[in-house]
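In what comes next, subunit A is part of two complexes: it sits with subunit B in the first one and with subunit C in the second one.
After this line comes the complex of A and B, so read on.
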């Protein structure tokens, strides 16, 4: 087995208007095939990417927010959201998609993927990652 | 490229995936299966329908590893394994079954 590296994908941009968010998600899903230790971070306007109830009809883009729910199936189950970014936008955990994963070794028990962390904790998570991709 | 189904020409990309997912119907699925040299059985349809439901819910076609796990959970371990799925779809369950299901090429398929 080759050495496993800690990958962190940092998402800072609003979901629509640019292609960054959608492309980042695509990269994460493709990268998931390589069985590395993958985490996602959402901060600044990036927190909007995983808000509930997105409707893209008027902007003629695919509502790819539904695809975040598949991350658990791809064994991507460490999703960090910065508290300060939520606060600044008047959002709470309840406004976010209930992202979860099913633990095959625990009779498919459903477990939450999202962890809200402080800016200081987020800095630590970044520091402890081997490879950081910023979108 | 195009696929002839009855009187109609259905647009596909160079690998045979449908250009327009909304055009999909059972006749088109059967025509793609014939082009792939597959004889569709209930077991084939079970996987194809599963993929269409997955796409509806998540807006992506799952990678084969994800498909195998999800099938195992829904239809049992005797179906959620590579051997069973590759027997049904020799050129790769995600690729071939997704094509028949009218879905895009799977995300994260290497």
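After this line comes the complex of A and C, so read on.
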């Protein structure tokens, strides 16, 4: 039985101006197949990735924000969003996608995946990770 | 010479918007496109830079880029005009020079 490691994916870029956000999501989904302990961090402009109501029809790009909703099905349910980053952008938890997962150990109860944390708490999450991928 | 400035970077990540505004002359126009549209939002740590320059510069923001990013028109700073791609072309045609801030 190989050792389970704590993976952290750090997202700091807005979604459509560069390819970082979409590439990060691809890597998370690939990594999810390896049954590791996965966490996602959204800070700085990365918080823009998971805002509600994205509609890319008129810019002819793929609206990959809908894919974040599938993360719960891949047991990716530890999604940390930095409070200070939301504040700087005039955003609140209500502006974010309602990301959730179903807990099989609790009669498939639907639970929120997003946890809003302070920058200090985020620093601890980073410090406690075995492997950090930064996008 | 009447200039149009375009800004395509988030003001929360780069100083592009700040620098463009600082170098725009009274009567110039500034159009926010791509990630630049985050600069049009109310209530951010950078909103005041735009509000304070509103009397000298005409601000425009690209509607399709707002929609892509899920930014509701209600959250745009008062006085910024929302435009589409044909308006973009018209703005370029109306001004003597277009300066693209990257």
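Basically, the second predicted complex is superposed on the first by the 135 of 135 C-alpha atoms of A that agree within 3 Å, B and C clash if a C-alpha of one lies under 4 Å from a C-alpha of the other, contacts with A are read in each partner's own complex, and residues count from 1 in each chain.
The definition used in the following text is that contacts are C-beta pairs under 8 Å (C-beta built on N, C-alpha and C of every residue); 3 or more make two chains touch, one makes a residue touch a chain.
Just so it is clear, the structure is predicted and the values come from calculations on it, not from any experiment.
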Fit or clash - subunit C, subunit B, common subunit A: fit
A:67 touches, of subunit B and subunit C: first, second, both or neither? first
Partner chain in contact with A:56 - subunit B first, subunit C second, else both or neither: second
Touching partner for A:14 - first (subunit B), second (subunit C), both, neither: second
Which superposed partner A:100 touches (first subunit B, second subunit C, both, neither): neither
Superposed model, subunit A: greater residue contact from subunit B or subunit C: C
Contacts of A:90 with subunit B and subunit C, given as first, second, both or neither: second
First (subunit B), second (subunit C), both or neither touched by A:29: first
Nearest-approach distance, in Å, of subunit C Cα atoms to those of subunit B in the combined model: 16
Residues of subunit A at both interfaces, subunit B in one complex, subunit C in the other: 63
Touch list for subunit A against partner subunit B, complex: 26, 29-33, 62-64, 66-67, 69-70, 73-74, 102, 104, 108
Interfacial residue positions of subunit B with respect to subunit A in the complex: 57-60, 62-63, 65-66, 69-70, 73, 107-110
Contact set on subunit A toward subunit C in their complex: 13-18, 44-45, 48, 51-59, 61, 63, 65, 87-90
Of all residues in subunit C, those that touch subunit A in their complex: 8-10, 12-13, 34-35, 38, 41-45, 47, 63-65, 67-72, 75
